[in-house]
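Some structures to go through are shown next.
Here chain A shows up in two complexes: once beside chain B, once beside chain C.
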Partner chain A sequence: MATLAGAPVGRERRIFSFTWLWNALAHGYVWAWLGVFALPFLATLAYSLRTPDGVWTLSAYQYVFGSFKENLLLSVQTTIITIILNLLISIPAAYAIVRAPIPGKSFLLSALNLSLYTPAAVMGVSLVIAYAFLFGIPQTMTGLIAAYVVGTFPLMLVPIIVALRDLPLMFEEAARTLGATRMQSFFRIELPLLGPGISAGILLTFVIVFNEFLVTLFIAGPGTTTAALRVYNLTRTAGFQPSTAALATTMQLVSFVVVLLFFRFFGSRYLKGTYLI
Partner chain B sequence: MKNPDAYPMTHAPADVALEYQVAEEPVRQSFASPRMRGFMLLAPAVTVAVLFSLIPLAYLFQVSLTNDSSFFFTAEYTVNNYLEVANRYRSAILETVYLAGMSSILDLVFGYPFAYILIRKIRYREFVRTMMTFPLFGPLYLAFGLFYILLPNGPLGGLFAGLGINVTKYLFSQGAVLFSMAVFTFPFMVMNIGAALSNVDPMLEEAARTLGAKPWQTFVRVLFPLSWSGIIAGFLMCFGWNLGVFAQPQLLGSPKEQSVISLQMFLKGLVQFNYGLAAALGVVLMVMAFLVTWVSLRFSRGALGA
Partner chain C sequence: MTRVQLLDVSKRFGQTLAVDHVNADIADGEFVTLLGPSGCGKTTTLRMVAGLIDPTAGQIQFDGQAVNAVPSHRRNIGLAFQSHALFPHLSVARNIAFGLEVKRTPKVDVQRRVAEMLDMVELSEYGARMPAQLSGGQQQRVALARMLATDPRVLLFDEPLSALDRNLRDSLKYSILDLQRRTKKTAIYVTHDQSEAFAISDRIFVMNDGRIEQSGTQLDIYLRPRTEFVANFVGDNNAIAGEVTALVPGAPGEPSLVDVRAGRMRLRGLNPGNLRVGDKVLAFVRPENIDVLMESRESDEPNLIRGRIAQIVFEGPTVRVIVETDGVAIRATAGGLGRLTLLDQERRDVLLRLQEVTVVRDESAAAA
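Up next, the complex of A and B:
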């Protein structure tokens, strides 16, 4: 609706208007960028399906479920555990930040978000030092999960805070007035209403943790190589192989399917507070 | 006029909720005061943040003041690491800042029109959002895909040859690194500017046009001042993320781009076991990232503005 009302009077009389051209250019611009976003993925996909001789084949994918299976399983495992821990940490914290009368909330929120703004390499080196010197968990899965949790629980926290702020107090009050305990009103009334916000947090945690390779590169050991780190290692050591491309394609495809499902069921409203997607 | 997207339609306005604040203190007395309960609910999050974020960062600072990897044996305290960073790694710091700044400027120049079109003209916004998650899957896959595209017999080799462009010369160049960095942070820029633009009433633009302003005048005098906070927040967010850039220079860059701080930290710490120097580089990078974040939180008016 490019403003017929706003256009100068003289231009309306012309048979050939530039409005449609503008609109076509605008949409074309957006589509061009969408192409840029998808292009690296499509190129990786094409590379994984082709042998050096130019034959199209699915044979590279046998490695994904062969020698890369352990890495994929580890990735799925760590991601799921991280999501569960993030939920257990973030839901009470979000509730306290929105509803409890505690002083210095904005400072507290910034302090909790600190790890989100720490560059991954800094986090990696500092965790290597702390794991070796203080905690005694270098190169273990515990160490990996701890790093993922501290790095991504703010991504869970923010959408839940947004959702909780959008939720009027009267639902809780109605439940309490009708005799529900604090626990009952939270688990039976508020938690279901917070569903979309919580799933936005799950989505962000999943996308980031499942594809994380940089912090992992610093703290993982031989037995704890996640699939994303395996992609990185293979690019460094084996060069650009179709099997590496197949693993990278699988990772992106899984991530994209999860994103698609999320947008299909919840839309993007609750992702807004994070400014990521 | 409020943008329907920014305010969910499902709940009542805030003043309605006020009328219902009746039960001040519940009948059943709880075992802790509301404030105490708040602290208890926060305890897990604070514990995790202290154990795995604050304490490691404190260690990082301590290690940055020790010689080589002596921290793990008998710590020898020294400031030589910072002197070395100031002397030998000044160009690396400048390169990092340059790459992050340039890619953020690219994001701003190309992202502003994108955000404007997305907010004002496009109805299939959810679809665009979905497609925009591809860069978010990580710079590693992005760099991997781009590497293949730039290879001589890449998937678009025929197209580029037909257009007479030699893309292979961009492999291992600054251009490729900047491009991949800009694509990675593009969605962050679009989302920040889009959030600011969706709060700008389209009637204001129409009013400016009706009053005789040319499109560029409408932009400079109306749109730009009203979306200023989004521009600053988006720019700083992109800049902050790009300061920690690692995979793109390593896969697509020349040795000059490969001098970025994150990559040097990895080489010094995990390859050469010079933890002191790696930690000092880390402290410098962290200070830069936190300064950027601090300024950007001043400007962002979103959910985090508690």
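Up next, the complex of A and C:
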């Protein structure tokens, strides 16, 4: 009896120590990588909090709400307008792609996603040429936003398509048989149920547009300097100042908070297969 | 209130004819079931009545008026889905209120009606809950309340109980029948479950391959199947292939009969009306309509057949006896206390008395 009971305990103890070692290694590995990734951000953060004389202070952040305020506001403004335009384009497009019987759907979808695979510099040059010669809107906010929409609307489209494919037709049918018109059924039933997909699109658009730099460099003109572009300009002209680091850190924090809030409220399911996950 | 008619309704999906010239006349307040295996076109038929798909040909009428061109949301129907289809982001009360709200019903009336409906399905305390917080049976009851809230002309049910477990199905099917009887609304119910169909219908339409094989009351369908498909699909049936030897006119007021010879067996059964002498036919007899007699005499009487017990299976309330006869194994079930005396009678010669024999033309033999 005693030997019978004793044997499995011994085996369990061995498994336990092996598991423990494995867990420790896995944790160490993950934390090490996290450190590598977080290091540049932490360095920038430290740099923004220290004067050249070695005094720790928050004073650099006065510029964020002073002379950089304009750039941050412009970034926020263009991001919001881009998100709204992306929504207006992507929701009907997703409906057409998922629900309408169009031939060559998958080809169409790949074509629509092309801008994601276009190098930003190529996109920038192309847009400058197109704007200058075709539309006459170089260096304006209209041009900037148009460039963002062209570059990022697939990021909105894909999660909405995923959400719409997951949404059974049954809900629309139930709404319709209960007397709802197509419009009522869309706004009261389907749109709320597509919420997670739509918010995933909003998040992706936000992260990309708010931090966009390379295309902006080509398109922006005087008066349309976004926060990201300002960081670049400052570094080029004035060297690396704590105030620049403060602006960079602020942008990073805003992005962080938005992403964390998203994961807190919506989880990650609708980001699968997109740019982020 | 509403009579529903289907006039030569067909639906084609690409190359397949899902619904093939279906005709049905459903009286006001009648409870009709479309019964058939999956893929027989019953759901497609229902969805055409609901206006969710358009017929390729034919007309659907409510009270004599064609509704083909009327969109779903203006047909004033109630549709219950296989899974309850409650809107997951709305509370129980808001789900029930939905149909009224989209029709711009005054708020006071909406609240009164929602309370009334919740009361009717005995879920008064649950208005504020979300659908995911309810059990499967409660969800389906909310779905019923939701479809009844708008006071629809016709109730349509698309296998509403198939996702539920058996006990729940049994109690809910009577709730559905009760609600239909109380509201006196015309109802069309789609199912592949014959016990459901038999329990609640005024009339059953058995569908196969896009066509209505037979329509009639439960008794018609069960006791007087007119096609091989119906005989095989509904309940358990022994099929005995044979040939018509004589037509036997029934007594006044009784249906006419036919005599069938199958090998050495002589059978007499109900004539579906379209048989002639020499026709290849199938005679059907249900296991529960066969008496097993402990005799081994020869007999010339029709429907009295000699055989030998090959196998006996005790199934609790019934005993299943498989009897080898002239080339055919016939299944019989015996109930009551008498079943116990059969248990140790394997390999013994017996006489089978067949009752309620029905005869249909053998389609496969006719085609060959």
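As a convention for this text, the second predicted complex is superposed on the first by the 259 of 277 C-alpha atoms of A that agree within 3 Å, B and C clash if a C-alpha of one lies under 4 Å from a C-alpha of the other, contacts with A are read in each partner's own complex, and residues count from 1 in each chain.
Rule of thumb we're sticking to: a contact is a pair of C-beta atoms (placed from the backbone, for glycine too) under 8 Å apart; a residue touches a chain by one contact, two chains touch by 3 or more.
Everything quoted here is computed from the prediction, not taken from an experiment.
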Chain B versus chain C as contact partner of A:192, first or second or both or neither: second
Touched partner set for A:27, first chain B, second chain C, both or neither: first
Chain B versus chain C, judged by how many residues of chain A each one touches: B
Partner chain in contact with A:144 - chain B first, chain C second, else both or neither: neither
Partner chain in contact with A:180 - chain B first, chain C second, else both or neither: second
Chain B versus chain C as contact partner of A:83, first or second or both or neither: neither
First, second, both or neither for A:170, with chain B first and chain C second: both
Which superposed partner A:37 touches (first chain B, second chain C, both, neither): first
Interface residues of chain A shared between complexes with chain B and chain C: 168, 170, 173-174, 176-177, 181
Of all residues in chain B, those that touch chain A in their complex: 5-6, 8, 11-12, 14, 16-17, 20-23, 26, 28, 30, 34-35, 37-39, 41-42, 44-46, 48-49, 51-57, 59-60, 63, 71-72, 110, 113-114, 117-118, 121-122, 125-126, 128-138, 140-149, 151, 154-156, 183, 186-188, 191-192, 195, 206, 209-210, 233-234, 237, 240, 243-244, 246-247, 251, 261-263, 265-266, 269-270, 275, 278-279, 282, 285-286, 289-290, 293, 297, 300, 302-306
Residue numbers on chain C that touch chain A, as the complex places them: 50-52, 71-79, 81, 83, 85, 87-89, 98-99, 102-103, 146-147, 150, 156
List of chain A residues in touch with chain C within their complex: 168, 170-171, 173-181, 184, 188-189, 192-193, 195
Sites on chain A touched by chain B in the complex: 3, 5-6, 23, 26-27, 29-30, 33-34, 36-44, 46-47, 88-90, 92-93, 95-97, 99-102, 105-106, 108-115, 117-130, 132-134, 146-147, 149-150, 153, 157-158, 161-162, 165-170, 173-174, 176-177, 181-182, 207, 211-214, 217-218, 228, 231-232, 235, 240, 244-245, 248, 251-252, 255-256, 259-260, 263, 267-269, 271-277
